[in-house]
Every structure is written in C-alpha cells, then in structure tokens.
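Each structure below appears as structure tokens.
Common to both upcoming complexes is subunit A, partnered first by subunit B, then by subunit C.
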Partner chain A sequence: MLLNSLRQCARAMSTATQPYPFSKLAKIPPVLPSTSTMPREPLLKGKGLMQHLTETLATPQKRNWLHTYFARRHPLRIHPGSVLTVGLAHAPTIFSGVLLSVRRRGLDTSFVLRNVINRTGVEMQFYVCSPHLKSIKILQRAATKTSRSGPRIRRVKLYYLRDSPEKMTAISAGVRG
Partner chain B sequence: MHRLWALAQRPRLPCRTLHSTTVKRAAPAAEASSSTAVAKWTPTSVRTGVIARKRGMLVMWDGHGARFPVTVLQLENCQVTANVKTVRKDKSEYHAVQVAASDRREKTTTNAMLGHFRNAGVPAKYIVKEFPITPDAHVPVGTTLSAIHFVPGQFVDVIAKSIGKGFAGTMKRWNYKGLRASHGVSAAHRSQGAIGAHQDPGRVWPGRKMAGRLGGERTTTQNLAVVRVDTELDLVFVRGCVPGIDDAHVMVRDAKKKMIQTAQHEYAKGNMEKILPKGFETLPFPAGTKEMAAQLPPVIEAPTLRRSPFIPQS
Partner chain C sequence: MIGLKSTLNVIDNSGALLIECVNVLKQKVNNGWGSVGDEIVCVVKNARPMPEGLPNGIKVRRGDVRRAVIVRTKKAVRRPDGRFIRFDDNAAVLLNNKRELLGTRIGGIVSADLRMKGWAKVISLAPKVV
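Presenting the complex of A and B:
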C-alpha cells in the first residue's frame, strides 16, 4: 500500500515536472479562455477553420487592430494617405511615414509607410501581428467622404508618391509633430 | 537522462497476432497491449504516418520575432484499418500500417469497401493509404490517430497530388528560356525551338523534353519542420508549403532524410545526442492516439533554437 502511494506520488511529480514527455524544449502556451464562440463540430471538418485560427492566434491588441484600423469597413479604419508613427521593438524604434498601402491577408496583414529622411526616400513594411510592432499612433488621417480634414486621396495604393516629392511634402505639411 | 531505447539490444520478435496479409476480426487495443509489452521507439524503428487535409496557410512569428509561413494540416478522424505483413519469395518481410481518413456516407461507399471498413470496426472513409513500417511499429486496428503523433521540432515529409497545370508549354514545364521578345522573332517567343540535330542522328532522342500535361501528380515535399500541434482541433502546423489545393488529402510521415536516416546513422556511429532533434526524448510509439492526446497539453509549440537575426553578429 505504501509502495502504491509512492508510485502515485512519483507519477504525479513526473507529470508535473514533465507535462510533455517527448521534448524537453517544447513550449506549452498557457491555456487562455477561448475567445472564439465558434461551435466545435464544423471546425473539426475545416469549416471556418482559417478564420477561427486568425482570431485565436492573434493577441487581443493585434486582433483589435485588425478589426478596427485595418478592417475593410470600420469607422476607425486608417485610409491610405494618413500619416502614422509606429513603435518597434527593434531598430529603428520609431518610424513615421505616409501610409502607402494596406495588404489585407488576415494574420499576415501588413502596411507600407513612406518617409523622406535626410533627402532619402525610405519605405518600410510592417506586419500588424508581428511581436515587434508595439504601437501605432495616427498623426493625421486622410480625408474621407465624411471627414474633411487631411489630404484628399483618390487611390487605394499610393505608389505614385514615389515619383512626386512635392505631393509628399504637401501631405506632411499639415502634420504636427 | 538515460534514454530507454538505448537499452534495446535485440531485434523485436514479430507479433504473433498478425496473419499473412490483413488482420481479420479487428483485435481491439486491449488485446494487443496484453499480448505484447508497450512498444518503445528505437533509432531503427520506422513509425506510421497519418492522412491529413491541407486547410490553408498562415503565418507565425518565432521566439525572436522572425516571420515564417506555415501550412495548417488537419486530421479528420484518421484511423488504422489494417496491419499488413507480406512475406516475399526471398523470405524478406514487408510490414505496413493501413490508415484511412475522412468519414463518408455508407450510401456512397462500395460494398467491397464497406465490408473492409466493417472488419476494421471503423466508419466508411474517403481515402485509404498504407505506410511502410518496421515490424515493431504496428498499431492496433481501429485506433484513432491524433495530431499528438508528431512532436513540434521534428521534420516531416508531406505527400500530396500537386495542383494540375493542364497542358503546359516547355517554358513552364521544363524551364526553357524561349526566344527573344524582338529582333525579328516571328510568332515563336515561347516556343521550344529545335528538338534535335540533323541527319545524324536523324531522329528525336527519347526523353526529349516537350510540352505536355504538368501537375496533378503525386509530389513529396521533404523535411518540413513541425512548429505547432493542436490536439483540440487535430491540427499540425508545418513550416513552409505543401503540394495540393486546400482541403486536399495529404500523407504526412516522419522525414526519411532528417529523421529516419539521421537516427539510424547517428545510432550506428554512437552519437546518442544527435539521434533525434535537440531536446527530444523520444517519439510517440507506435503512434500518437486520441487516448494519448487526452493526457497531454492541448497545444504544444516548437522551441526557437536559432540565434536572433535582429541582433548583428559581432
């Protein structure tokens, strides 16, 4: 009887110290309460699985950004032509620029900012769900049908700004800070 | 820690419950476990694979924040339907595990297949495939395989039917360079050009690369790393791309080059630390089942072993 209790104690300790016995270095993410309200049966057949994974794999902050700033239709979405400042974990820690394009691919959503630094045009592409992207600050929003402030943009992708520095200065002229 | 498979000195005896081809009257798991001891993975063992469905591609970021693409594979009620053992004329043996996946309506299944599935005690399936194994890796018929079969950090080969490209020209099919875009070339910019010499040999060599059907054939992508395993939804995330369209059936097995051959080679050389990838103790053997998945954490991720690419090397 003593031997049985010792054996049970050893098994409990072994599972506690090694919850996954096949790999010592494997990471076990903490089990968060499920934020997705999707029923399980269709997911097991693959229906709506990719959408569910996009919701689940993104952190709450990134999920919020995908639903608001980078959604196709949301009152708070960022239009191309807006001026943003992003905070990064790696160098350069801060980068500001004009939003040229938003590439919407769910988790893989990214955007391109263009700036002219020391008379050199610099473009950077940022992935929204990357752990390096810490903050997004909107300095100036582009004009839309509802709001009149900011530059009036009639394109979704503003690659023409690469060839017209005068339009770039026109956009950045109204920016404070 | 002393690995238990290192103690294995003698080859295992063949299981006496197997017949010459397939098992009749599916033996339940309890009977098999009582007749043989719990099988342990050895560096010379070859495990079964699974059949999954390619659901799509996503993106993930590793521990350092480096981005990499992943393909999501989902196991759809993948069950073992038979254990195959064939003795060839030269007395050598072929062992395999027959696996089936994706339940299907009995009304649309042929009577022959219905009988086969009934013998195995599994519902009717859409796809039935075989994975060659070593004799110690047989799995009891009727076992439901789970995503826990793969360990994050290991390498797998993924086999599927590639996307069909139809009748493809030589530039697409064989990477021919075509002809010039201008300088007098008339209506032949993407054509093959010459297909042979002159009177000698006076014919076209066999095997001459020409236009024809491309794609829609069995393709293997090797050495894909498993980065995440989710047993709640039976998902295996592999790094990189996988042949085939979304929702296609794919066969996933341990990588022949980076897992099986490496294990055998390093074991023969005596490098016990290099037999499995870094940090690995062992692999689920003979297979990762639903019962095993219930005991283990629901989500497991691979570690990031590389150095950070964002910190410049001094």
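Presenting the complex of A and C:
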C-alpha cells in the first residue's frame, strides 16, 4: 500500500504528459515537442521531403557543425590544411590529422583527414552527421587572408600532400611546437 | 583491391620484403579483387638474406610460393558506419597453409577491419591498429 502510493507520487512527478489508460505500470517516455505535431500537408504527400530531412534528421549539434565548421562562408569554418582531432564512438577512438578536403553535400558532408602513423600515411574519411562522430577539436587552424597563424595554403583540396612528406611535417611541426 | 600481379610490402619479420599476388582465395564477391583481411597466394619477389626471429629455421627465399593476408590497402575500405580508410601502400603478412603466421613480429600499422574478418592474432601482434 505504501509502495503503491510511492509509485503514484513518482508517476505524478515524472515527465509523462498523457496517462496510459490500459496499464498503471507502463512507462511513458517524454514526447519531444517537434515530433508531437503532425507534419504539414505537402510534406505528407512527399513534397519538400529532402529539405525537411536536412533540417530535422541530424542532431542539433551536427546541424550546428554543418552551419559553422563546414559551411562555405562562415568566419569559424575549418579551412583545408588545419589540423583536427576527431573523437569517435568505435575504435580507433581518437584520430587526428591534417584536413585534406571537405566534400559539401548537405547531410552527406564529409571530410578527409591525413596522418602519418608509424611511417605509413593513413587517410580517413568521416561523415559529419554520422552518430559515430562524437567530437571535433581544432588543434591548429590554417592561415587565411585574415588570420596569420598556421601554414599558408593556396588550394582547396590538398591531395598534393600525399606526394610530399616534407610539407606534411611542416604543417605538423607547428602543432607540436 | 589486390589482384593478379599486385605487389605488396611484407611487414612481419619472416624475411620477405616484397610479394606479388598470384591468386585471391575464397573470393566470390568483389569480382575477384582482394581487400583487407583476404587471404592471397603470393610469390616472394624480394627477401632479406638472413631472417632472424623465426622459430624453426623457416627460410623464406626469393621465388617461394606462400600464402599471405592483406593488412593495408591503398584503395579505400568502407567501415560499417560509413567511414573510409586508406593507407599509402599495400601491405601483407605471410602465413602458412594452416592460416598461422610465419613471422613472430609485425612492424607497422594494420587496418582494424582485420578483426571483422577473424584475424585477431594479427591485430594482437601489431604495434598500432587504425
């Protein structure tokens, strides 16, 4: 009896908005406000579906990244030639490297990091909106017309770094020092 | 994407330096191309004169036909979460006919996709797995 009253108190304090009429023990998770409203009528027919997905499918943090770090014109965008450290959900949990290229396709935006590990070059391509990508940390930004720090890069895609290890060490020397 | 006539570096201490692929085993998908974690039959093209560290005096000489498992490829390999990984060279580790390693040490990074194909022994010996 005491347990029942405790349960009722707990249920009253929970964040559930609608009681479930068929069971007193059922747990009702809190409903997010965006999903509780019905979608607009054109959307139900399929019009504007891709734009709706672009706005809602990624988490807010990822959408923020797409708007700032990987946008074409933003003061905080990451230029190729910057050194990033990426935190992942699975092994290897951390991967750092020089940003070689950013492939901008909305939700499918991806970027390639290059690193030299044990005298072997490794390149990894990460998708920004993947749930496995946990964090992006910028170790060193590349030089632009406004900022002077970091190496001076005059290309958008830095595939020439694959053939010149001395330029890679020149970029990475700035990070350690 | 390793096929006939592809050369791979050998990164263990079995004595071989460069091997050339002759056949990719058990490959019914991928059009016969080998990738990370696939077993290949290969010919040793270059070998070190005196391999040290081998248990029972197995000498790998130039012209030997051995088996190997691919550990790094220059062609990008897709991970299940959509990431791609690509190395700067193709590399392999020599095996005997019973899928056991010939060398005792591995000197270089290997791809983590080996774990999914069942080569946990190679991963445990590797200094770094990416």
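Basically, the second predicted complex is superposed on the first by the 126 of 177 C-alpha atoms of A that agree within 3 Å, B and C clash if a C-alpha of one lies under 4 Å from a C-alpha of the other, contacts with A are read in each partner's own complex, and residues count from 1 in each chain.
The criterion applied here is as follows: contacts are C-beta pairs under 8 Å (C-beta built on N, C-alpha and C of every residue); 3 or more make two chains touch, one makes a residue touch a chain.
All of these numbers come straight from a predicted model, not from anything done at the bench.
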When the two structures are overlaid on chain A, which partner does A:Phe95 contact: first (subunit B), second (subunit C), both, or neither? second
Which partner does A:Leu107 contact after superposing on A: first (subunit B), second (subunit C), both, neither? first
A:Phe126 contacts which: subunit B (first), subunit C (second), both, neither? second
Between subunit B (first) and subunit C (second), which does A:Ile117 come into contact with in this model arrangement: first, second, both, or neither? second
For A:Leu49, using the defined touch cut-off, is the partner it touches subunit B, subunit C, both, or neither? Pick first, second, both or neither. first
Figure out whether A:Lys24 sits in contact with subunit B (first) or subunit C (second), or with both, or with neither. first
According to the stated criteria, A:Arg162 is in contact with first (subunit B), second (subunit C), both, or neither; which is it? second
Counting touched residues of subunit A, say whether subunit B or subunit C comes out ahead. B
Answer with first, second, both or neither: which of subunit B and subunit C does A:Thr85 touch in the superposed model? neither
Could you pull out which residues of subunit A sit against subunit B in one structure and against subunit C in the other? 89-90, 127, 130-132
Complex contacts: residues of subunit A adjacent to subunit C: 89-92, 95, 117-127, 130-132, 162
Contacting residues of subunit C [partner subunit A, same complex]: 72, 76, 81-89, 91, 108-109, 112, 127-130
Subunit A - residues contacting subunit B, complex: 19-29, 31, 40, 43-46, 49-50, 53-54, 57, 89-90, 106-108, 127, 129-132
In the complex, go through subunit B and note every residue touching subunit A. 53, 55-56, 58-61, 65, 67, 72, 74, 76, 151-153, 232-234, 247, 278-284, 296-303, 305, 310
